[in-house]
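Below is a structure I'd like to ask you about.
As written, the chains take the letters A, B, C, D, E, F, G, H, I, J, K and L, and residue 1 is the first residue of each chain.
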Amino acid sequence: MAEKGPITSPLGDSERDITAKSLQGTLVDLVDLHLVAKQAHWNVVGSDFRSVHLQLDELVSSAREFADSVAERAAAIGASPDARANTVAESSGVPEFESGWRRDSDVIAAMVEVLDKLIRRLRARIDETDKTDQVTQDLLISIAAKLEEAHWMWQAKTL
Amino acid sequence: MAEKGPITSPLGDSERDITAKSLQGTLVDLVDLHLVAKQAHWNVVGSDFRSVHLQLDELVSSAREFADSVAERAAAIGASPDARANTVAESSGVPEFESGWRRDSDVIAAMVEVLDKLIRRLRARIDETDKTDQVTQDLLISIAAKLEEAHWMWQAKTL
Amino acid sequence: MAEKGPITSPLGDSERDITAKSLQGTLVDLVDLHLVAKQAHWNVVGSDFRSVHLQLDELVSSAREFADSVAERAAAIGASPDARANTVAESSGVPEFESGWRRDSDVIAAMVEVLDKLIRRLRARIDETDKTDQVTQDLLISIAAKLEEAHWMWQAKTL
Amino acid sequence: MAEKGPITSPLGDSERDITAKSLQGTLVDLVDLHLVAKQAHWNVVGSDFRSVHLQLDELVSSAREFADSVAERAAAIGASPDARANTVAESSGVPEFESGWRRDSDVIAAMVEVLDKLIRRLRARIDETDKTDQVTQDLLISIAAKLEEAHWMWQAKTL
Amino acid sequence: MAEKGPITSPLGDSERDITAKSLQGTLVDLVDLHLVAKQAHWNVVGSDFRSVHLQLDELVSSAREFADSVAERAAAIGASPDARANTVAESSGVPEFESGWRRDSDVIAAMVEVLDKLIRRLRARIDETDKTDQVTQDLLISIAAKLEEAHWMWQAKTL
Amino acid sequence: MAEKGPITSPLGDSERDITAKSLQGTLVDLVDLHLVAKQAHWNVVGSDFRSVHLQLDELVSSAREFADSVAERAAAIGASPDARANTVAESSGVPEFESGWRRDSDVIAAMVEVLDKLIRRLRARIDETDKTDQVTQDLLISIAAKLEEAHWMWQAKTL
Amino acid sequence: MAEKGPITSPLGDSERDITAKSLQGTLVDLVDLHLVAKQAHWNVVGSDFRSVHLQLDELVSSAREFADSVAERAAAIGASPDARANTVAESSGVPEFESGWRRDSDVIAAMVEVLDKLIRRLRARIDETDKTDQVTQDLLISIAAKLEEAHWMWQAKTL
Amino acid sequence: MAEKGPITSPLGDSERDITAKSLQGTLVDLVDLHLVAKQAHWNVVGSDFRSVHLQLDELVSSAREFADSVAERAAAIGASPDARANTVAESSGVPEFESGWRRDSDVIAAMVEVLDKLIRRLRARIDETDKTDQVTQDLLISIAAKLEEAHWMWQAKTL
Amino acid sequence: MAEKGPITSPLGDSERDITAKSLQGTLVDLVDLHLVAKQAHWNVVGSDFRSVHLQLDELVSSAREFADSVAERAAAIGASPDARANTVAESSGVPEFESGWRRDSDVIAAMVEVLDKLIRRLRARIDETDKTDQVTQDLLISIAAKLEEAHWMWQAKTL
Amino acid sequence: MAEKGPITSPLGDSERDITAKSLQGTLVDLVDLHLVAKQAHWNVVGSDFRSVHLQLDELVSSAREFADSVAERAAAIGASPDARANTVAESSGVPEFESGWRRDSDVIAAMVEVLDKLIRRLRARIDETDKTDQVTQDLLISIAAKLEEAHWMWQAKTL
Amino acid sequence: MAEKGPITSPLGDSERDITAKSLQGTLVDLVDLHLVAKQAHWNVVGSDFRSVHLQLDELVSSAREFADSVAERAAAIGASPDARANTVAESSGVPEFESGWRRDSDVIAAMVEVLDKLIRRLRARIDETDKTDQVTQDLLISIAAKLEEAHWMWQAKTL
Amino acid sequence: MAEKGPITSPLGDSERDITAKSLQGTLVDLVDLHLVAKQAHWNVVGSDFRSVHLQLDELVSSAREFADSVAERAAAIGASPDARANTVAESSGVPEFESGWRRDSDVIAAMVEVLDKLIRRLRARIDETDKTDQVTQDLLISIAAKLEEAHWMWQAKTL
């Protein structure tokens, strides 16, 4: 999202660059969250299969909607978003998720870890956009609210 | 999807392996199609922006639904599906899609090319599953029907 | 649908020509079925008026939806569909339906005859497309399923 | 619709005959409009494909609904409506629409011409029914309102 | 509806009185049509029970909606509508409907007769309001359209 | 509802007669309640017009639905229901409602009075059916519940 | 449902046993009613095919919903419900329904007979539960209301 | 709307000019009605606040829908509609509405006055279009029906 | 609910007082059930978190709807209902529910106990209202049906 | 389904008989699957009660819909379907399901076994109909797809 | 909410404690607002009964939804929420609401006072969370927006 | 909005005045945006007519919804909003939009310019309300998010 695109920005150049970087990072994290949650949705086994299977699809829906909002916000401030497979594979903040069938308890633990990491990265970006673009910051705050809720709901199952 | 999973299969071992390979290949193609279509959805510019933007989202919806059906069919025949970012980045049959803002006519041409390639791969898999699993073949036929319809609709715009 | 159109085909030339002919024939039959069923819907009289009037409209809906699917399938394999009034009037396989007010029992008998004839033509086309295009064959099979169900429901009223 | 049917009429014989002729003419025009709009819907190509494809289907819907209202109004005044393929092919006021693939701009021009002709015929019938049946006239006026709106929307694209 | 109410009228006094009389007469007819159709709905017996039972309820719905429109139109021109049981019993134009269980064929014949009589009364009122209030006339025309359609559908069952 | 109809009854003759009388009385009361509530709906004036106008239409809906249930229950126990205009005018328990425009406070007081009287009659019938038909009694109880709720809501406005 | 299950009951032991027996009997009757109505739905022929076919499906829906309510009520009072094929085949109160195609008039007569018998059995159970469980009795009353309505509607067709 | 636009008209020049003037006048009145009703919606105070607040929003909806229909009818007859803020401010027939918080009774009186004036203007235009365009006249009649209904409902609150 | 309110009652004074006491007790129980179920909904942890969390919200919905019905029934018989926080805290029959995070198995056991106690209290009130008000009794029976169903579903999880 | 019925068949006699046998066998299996799944739905106990209870109802829905499609397909090829309780009890391929309360883990194991057996029988029928009726085969394939998906989801819970 | 729960927090300890206190205070206020609004909903009398009754239910809905969001936000930051009846009775900021029937004007004045007090408390918490958690602050701001809107709408009725 | 209204404010006098000015300015801009977008919606011509026509109506919807939120926020802080035609004509920040038919490319360019100007004005107001009212600021931020998205979508068409 670094290149200077043809869409003009409501922000100054410096604000635009910092904001764009936060949005691009968030976009990649959310697209990968969606891929990992789908992977878990298909590969989970164990007595809690159904409950985990359904809960993962709700996370997929949230991740998809927020990814779209984030990418379109980037476009709106004049920055081209990038969420192609290679870009996601290379720059995502989501921890490695092992292939193959996975036990339900492992999946739950993995989702808590994934969400924990993404929330930290997101909170840092909320701080970074505080002075550059309140519209973007507002969007990131709403994403944090949802991911932190999801984090609690997954963690509650581990107790 | 090669490893022997704990889910038993309605198919014999050999039929199961051939079918699983077809499903895994289709899954990766569809997930990447969805990522590329979203990428184009956000980055297209030009006088036909709105029309292309909307048409791409319909393709995204189809790709998502079919990817889910394909992955769950793999699970149903006892094969663990894999659509993590790295797997997609490495094994997808979707041609490279350039980053950054893209002209509407370029996007249209790219989608025709992408669909053309995926349809060829899919038709080969329809042949491969003819003797191994009619249930899977039926699913692949329904995907071909939709992708070929989409191919016509994108190509019609280039004439 | 014989002319070579600008839309490229996923099929070889010969497969494309045979398939296109089956689709064109089916398209004309379905459009005429829809016109005849509407004609009967408006002109039926008799103590069973309401029941026949409603049942005909369900047939109209099926015929319209299938006609659309068939025509778009033709386009998707690169063949221009033709369902203009003259083409339908000249090449339809639907038997002549007399003008003017029609008794309910006559309408029922006519619909059984119409469906019987169209099903025969359709089954022949299912055979013809077996080697040329499974996607098209699948569509024709689903149409046969519906028309044979309708045939039973109309015939049941004659017993 | 000339024959004396078994359904009694709220109109006198002469009013009934004039009104029935207006309705029969309108019915044939609308059924043919629907066939031509569907033909164009399937055969249009060009950069404006999607927009024209969608706009044509809205016209198809209007034509179908109005054809049904017109035919049922004919029945309600005791006149048997006739919209079989041969009748439409022989008596429609819709200009010839060439077969095969059609450029988007040609389709647009054709639709403007078709609507222009049908509106003229319809306005004449609104005059004819002024003294014979206000209920029918009211229906024809509502059809004219819709076709004139459609005419504007197609013509606006040509400017 | 003769008394001079506190609601002012968009019409002159004479136009208002003639229009109000037409509306009051139509209101009573429609309320009674609704009561008779319900009576028949509950008391019909015979092999066509279900079909007649359902068709009567559609007539009830139409009668209720139009009665409301007619009464509110009366209010809108400053005339108090009156559809109390006594008023309906005394001034309705609906022919006597015998009490007790009724054969399906009798019910059908009765509905044809009822609708025939109400349509005549309504057409006379359409003429009367031609010079006094086009808004009211338009409403009466739309009621006639529906009642004449219903008349055809009931009569078609008698043939 | 006194005559012996062709529909057989799940009740003994004596139970059937007592129950039928309760149902017939309730039917007439509910149909008249609906007519009076509609009359008030159209003729109310005053600063509380809108609130009263809307609240009356909710009462109309309840009265219509219950009238239908009561009449169909009568039929189900083999008794022909009668709710023709004359029958309603002659045997209803609803107090006289004056014609012409009515002040909102008068309408409210009238509705409280009407409901009060109908509830008393209904409670007597609940007692009468206690030994004859629990199915009918259950229906009457559900009507009482709704009418007593409506009575409270209208009375609350008078305080 | 005789065995003492692990679910505790809000009823005393004796009340629980009597109530459970009524529920178990009703459950079997309703499941069999649903099977017979479906059987008739598929095998009916004759001029009244469509009307009978549709009316039977409404009975199927009612039977399914009530069977579920009855079985869950049994569970709620601590009695295990049993509606397996063998149990239904052995203990149902539904009269034998002949196999093969059946004339519409035969089907109608059969449904009247089936409902008549089930209503008698149900009314006996309403009496039995009067002193044991009012909650169960209330449910049985609501089933009787629906079956008696259905009985009237089927019988009305025989007259 | 006086200038000769590029959209051709189904009307002759003179009919078109008279009709266009009626439509332009109505458009401005309706847009201003919508602005004034919204202004009142936000500024009303008093014990009847909620009822008036809600009733005003229904008027806003009607005014918006009719304004759209009127403007699109103007376009359909080849006349460019004009409802920009300045045009509305200069040519509207809606009486001045005072700024600031407004008592509920004042708002009600104002709405009666506004509607009274707009109805007069509209009725004059219904006469003007009688000979020039029945399609337009029909639209104006339907607007009058709605505004006169609204006028009654507001006036009823003042009594 | 002891004080003599301005709403008149369909019951005699003694019946009204006994019934009112039953309703007031039930109201408080249901409001507290809703508060406790929400408390558990938020504080549950453990591997069964999601299932328990969702099942609790269904109980909350039932409790809210029934509380509203009970309070409005009290009003309808002229008794002022009281469900303020202090009243609930002082007079509720719901056992103490410990604060803080709660294990899923503890929550399940607690809900079984809560429902068991409320059902006992409710059944006593069903007896009390048997002679005072059948309308109220019917409402209490429907609440018992639901709470007993819920009791079974929670208890089934403990086995 | 062996007897020669009055409904004519689109198939030759031999094809019709083989196909009819496959359909009849599938019908009985599906109806029994539905009865067993409902039995389990009501009798399951254990900590996974809610999840299993809900998952079983989804299986019930699938079984009901497919049973209807299969029976109507039999009728459409001229074979009378038979799914009466006795027929199901005698010829179903579903293994015995023990009566009384059942632990959640037992229910899950039973459903895996039931589905495993039905899938084998179904796959054999898919082979049998390959040469006799592609329309029927297509239907059986779609049922296999759903049952194999269900099989995976139940088996996943056992791991 | 002071105790250290097992759910980890995205906030530091000090931020978490301050934020948790704000959320706990808001939760209690909202639950009590909901109880008081329901109390008023049932006990209001006077000519404005219906309008106040409906407006209170909208407030109840808002209060319920926000209470849920606030409690789940507390859980998400690792603090156990507490909204049991005793806690609400003891710590709510809602002023005492007198028992028994209440005049509409008294209810309106009480709601203005309640909302005024809750808004003050909420605004203080918005300040307190400014430095501790922007996600929580955002939620509190959205609650303030709604309560201040409600405050205006209730106050407007007092003028 | 300067005058001191009767609605009390949650803000201090100075904060209230600054905030009110920001809201009033935004209200006028949004109402004018809506009028201009409608004007363009009706007057656009050119090959992109349909796409622009539809995109404009989405902008109209957004503008209407936000105008309502802004005006009601003003009322909630005690400031009377003013969006009468004259006020809009005099104080709007929307650039002049030429009357008459307008080419699609001109309309697109005009919308980009209009949105660009409104966004600048809005961003200034977001700064102004930072210290005066976070609730208002939050609303303005959400409007900016939408207008900037719209700006991108219109600008993308110009490239």
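Before moving on, here are some points about what is shown:
The definition used in the following text is that a contact is a pair of C-beta atoms (placed from the backbone, for glycine too) under 8 Å apart; a residue touches a chain by one contact, two chains touch by 3 or more.
Here's who's who by UniProt: A, B, C, D, E, F, G, H, I, J, K, L = Starvation-inducible DNA-binding protein.
Just so we're clear, the structure is a prediction, and the values are computed from it rather than from any experiment.
Touch-path distance (fewest steps) from chain D to chain J is 2.
The interface formed by C-E recurs in D-L: of the pairs listed in H-L, D-L or G-J, only this one shares over half of its residue-numbered contact pairs with it. Across the two interfaces under comparison, E-H and D-L, the one joined by more C-beta contacts turns out to be E-H.
Centroid to centroid, with C-alpha atoms defining each point, chain A and chain I lie 42 Å apart. With each centre defined as the average position of its C-alpha atoms, the distance from chain G to chain K rounds to 49 Å.
Within chain D, the positions touching two or more other chains are listed as 6-7, 45, 48, 51, 72, 75, 101, 138, 156, 159.
Which chains touch which is summed up as A-B, A-I, A-J, A-K, A-L, B-C, B-D, B-J, B-L, C-D, C-E, C-G, C-J, D-E, D-H, D-L, E-F, E-G, E-H, F-G, F-H, F-I, F-K, G-I, G-J, H-K, H-L, I-J, I-K, K-L.
Looking at the complex, you find that chain B touches chain L at residues 44-51, 53, 101, 103.
For chain L in complex with chain K, the residues that touch the partner chain are 6-8, 10, 72-73, 75-78, 134-135, 138-139. Chain I makes touch with chain G in their complex at residues 116, 119-120, 123, 126, 138, 141-142, 144-145, 148-149, 151-152, 155-156, 159.
On the chain B side of its complex with chain A, the touching residues are 3, 5-7, 31-32, 35-36, 38-39, 42-43, 45, 67-68, 71-72, 74-75, 80-89, 92, 97, 99-101. Of all the residues in chain C, the ones that touch chain G in their complex are 48, 51, 54-55, 105, 153, 156-159.
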